[in-house]
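We just call them A, B, C, D and E in the order they show up, numbering each chain from 1.
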């Protein structure tokens, strides 16, 4: 995972929402353009950029270390969630990836299919010497609350046991509960999932600070940065929290000063 | 995609309806004969011709650049739509294809199967140096309206993210909404899907003009040309709009003059 | 398909009913013996013989050109029809096959599985230089009437588009409607499916005559020959219609004279 | 099949019931030990021994020709029966098998899966020069009576058509009806399936005599031998019937005399 | 299995519960750390350590012989249990495994999938010369009581027949009934499954003593050791029972003395 870390911490910019949620839900005239977001990643010194293979192939410029998401789905089908592989490890590497990502919908009726596919991907990734990062999202009829401490720590632990080198999981609400998830993940890196745009900067930064205090390695963020009216400022604030351990107020202050 | 473009624009003649809808629904004594349609493509200077492998193998004459549709289904089963691969990339190339097409029924309960299959096809196509073109048709119980701006732009974006080099999508009704779909598709080419025979030429040409004004690369058309009583005239009008940017009235006028 | 044609016409003897319908439904003490039927094919100068691999392996004598049916099912399960591959193209060739057959239940909920399998078989068959013949039988809950002109022509067209070199389809009732099916099949050969034993010879021969008048290449027949009390006579009459264009009365008359 | 025949007849000892039915249903302190049963096979001059791979690997001593059953299931699931491959042909051969067995639950909703798997196994077995023996058991919701003459003969015929070298089928109740099943199987060998322990020796031997009179090649028996209080006596009686054509009374008499 | 035995007996420490049950159910601040548990295995002279590939890759130190569990699932989905392969045999070996484990949920509607996968794994394991150990857990709607003598002995027998070299099964309640399960397993090794933390040490040790008296090869234990307040003491007591045949009272006494 060192390709995506600076002093053991990292901030990944994720831009797969056009496929996962559709362009209408999340995008505007600016951020619908991959160049706009790739530019944010570069200027903001993000330590990683997460793209599906199509955008990687057509837009990626080699500046920010690339993670190719290997599976994907739309949010249209109403059945139990399943996301299957659309890009091979080999192809990802040929597109410049230094790591691969894969989403497992833990608890879905199709869980076993995704666990199996991740198992194969993880072995292929390690064979070519790159990390396999697991997006572990408990979801489906059997999952009542996907941010409860129990379910978030389960996601973290599953990531460790199936061989992921890092996990991306949702925030469980408090540093205390999230630190249990971080413990469950053991030596692998935990990235908090940014989620939808938060109502205020303080709210979101507070969650990130909570996750970092709990021992997270960093953040995988999308909409809270590239939907922000000033992505550079938000990126600056996040970096103050993630890399320099600032608290929210100080981080916001310093980000304005930049 | 340059094999199928002239100054960045293209007009593809599609002739897979005998399989997809059956010969009774769409055909008459003339257009049931593949030679009749291939002839239209040639005489009308279409920039691409879309065939299933059987017709390609038995009729294709090498004149108009060929796209082989790699998957297909009939319209008989009433279950959630699924269309699986019936022709390999290798076979398509051996039949003279300069590109391959594949339909993804986005939103179907079987979406993941088609996304996965397209993922593999796209990699194989790029390995042999030809484009992979995605027919992206949101369909199934979860899709209420397959021409709403939201769903059409979702189709376009999905095409970009899964690595298609061009996407064939339905028209969303207005240039304004379609331009959002074109934006969602980014750098890949957007072809408007012709659909069933329109009541009048003006109606259909108006849609095409709308799509072109919105930034489309062109049109993939079948029935509105080869069901037309004067396919050459319709082709001429379409080309005036697509390649020369004429408006509908002028295009019709010039097509008569030819 | 030339291996199975004489002046462009052909008559195939099919003997897969023991597997498809069970021996009790169709067989008696004589015709349950494969040698009896293979003998009919040889003596009757049939241009092709259709067997499953087991009977081909144990009984086939190399006299009449062999088509091995590659898939099969029993009539016991009541679910949507599905027939999967039980013999490889390679194995069929090693048994002496000059062509392979495969049944697609168009309209079945499992249609896509069979289309995909046929697609692979067709490519393998063409690689080794033998024809792939599609038995296209629309069937399943979505198919109300499998001999309607619409459905029969759909079957014919699907055969053409998926790359079959010949199709075996049911008779649609009249020469007029069947000629539309033949047109839909384009350049590939259309074989009328014999079906269950007809009440009178005239009835059956009339259908065959109708199919031939409509442009069929010939007939794939089983029970109407080998359940007949005088198979040689029936074969003679059929050949008069198929190869010499006789009408039913003349054909019957000549068959008696032989 | 000559590895398992003596003058064209054979008697196979089957010992897969611990997996198929569980040890509590069929076993006692003696016959739960594979050595006990293998010993019976050896001392009783059985012409074949049927084992799953685990018992073959750990107990088989090379004395009686071995058939490895390649698929299996427990009797626990209540859904439509399906039994998938648990041992490869290659592995079976490495364990000393001179033949392989596979069960097809004809009429099950999963029939096609088993037919396909048997198809592949049969080809692999023939490639390495050993016979493929089909246990054909019509079963599932669609099968009302699995010993009716129609269904038993269907099983036999299906075995022939899919390329089995021998079939194991249930007894249809009378020699007359079973002889139809034997006819349906054509040149391949028919083994009557022994089934559960019969109430009296006479009952069971009568069935075997009936099957032999009907033309069977022999018997595949398990519980009626190794659950018997005197397996050697029962084996002796069976051999008198199968190999020497004795009637039941004489066979019993001679078996006592041994 | 000799890699995991001392004088034919063995005690395996299993630590896959974080994946199978989640970290909240079973773990505390100490035992959530894989190092803590691996340390217990080493200090307690366990003859085997059972890990999923992720923990093996990141924590395993080569001290205690390693078994990698090749499949896994979470306890979240409520459908019929299915656990598919997430690690290849090859990968397990590269992580230092001297054996592989696989869980079969006997009686599940997905039983056949797991039997088939185990079959392949067993062959691969034997090819590279390591044992395949089957966790056989009857479960699913069809299984009413997974510790009844009938079902436990069925699990043991299934393990033998499908080629496992050792089987891990639940305790059936009494030495008498468990000895029938041991008999059913024949020559393969039977490990009693430890299960959840027992209310008192005496209860658990009594079960282990019962299993050993019944002929088990040993114990595969997790929570009853690493959830214990004094794992070393519990391990000592277990070893007195397993390797030295002590009764429960004596074993507890000696473990205190250590």
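Quick notes on this one:
Methods note: a contact is a pair of C-beta atoms (placed from the backbone, for glycine too) under 8 Å apart; a residue touches a chain by one contact, two chains touch by 3 or more.
All figures in this text were calculated on a predicted structure; none of them were measured in a lab.
Common neighbours of chain D and chain E under the contact definition above are absent.
Rounded to the nearest 5, the angle that brings the Cα atoms of chain A onto chain C is 145°. A separation of 35 Å divides the Cα centre of chain C from that of chain D. With each centre defined as the average position of its C-alpha atoms, the distance from chain C to chain E rounds to 57 Å. Shared interface positions of chain A, defined as residues touching 2 or more other chains, are absent. The touching residues of chain E, when paired with chain D in their complex, are 106-109, 111-113, 115-116, 118-120, 122-123, 138, 140-143, 149-150, 153-154, 156-164, 180, 183-184, 186-188.
Residues of chain D that touch chain E in their complex: 16, 18-19, 22-24, 27, 29, 32-34, 52-55, 57-59, 72-74, 76-79, 82-88, 91.
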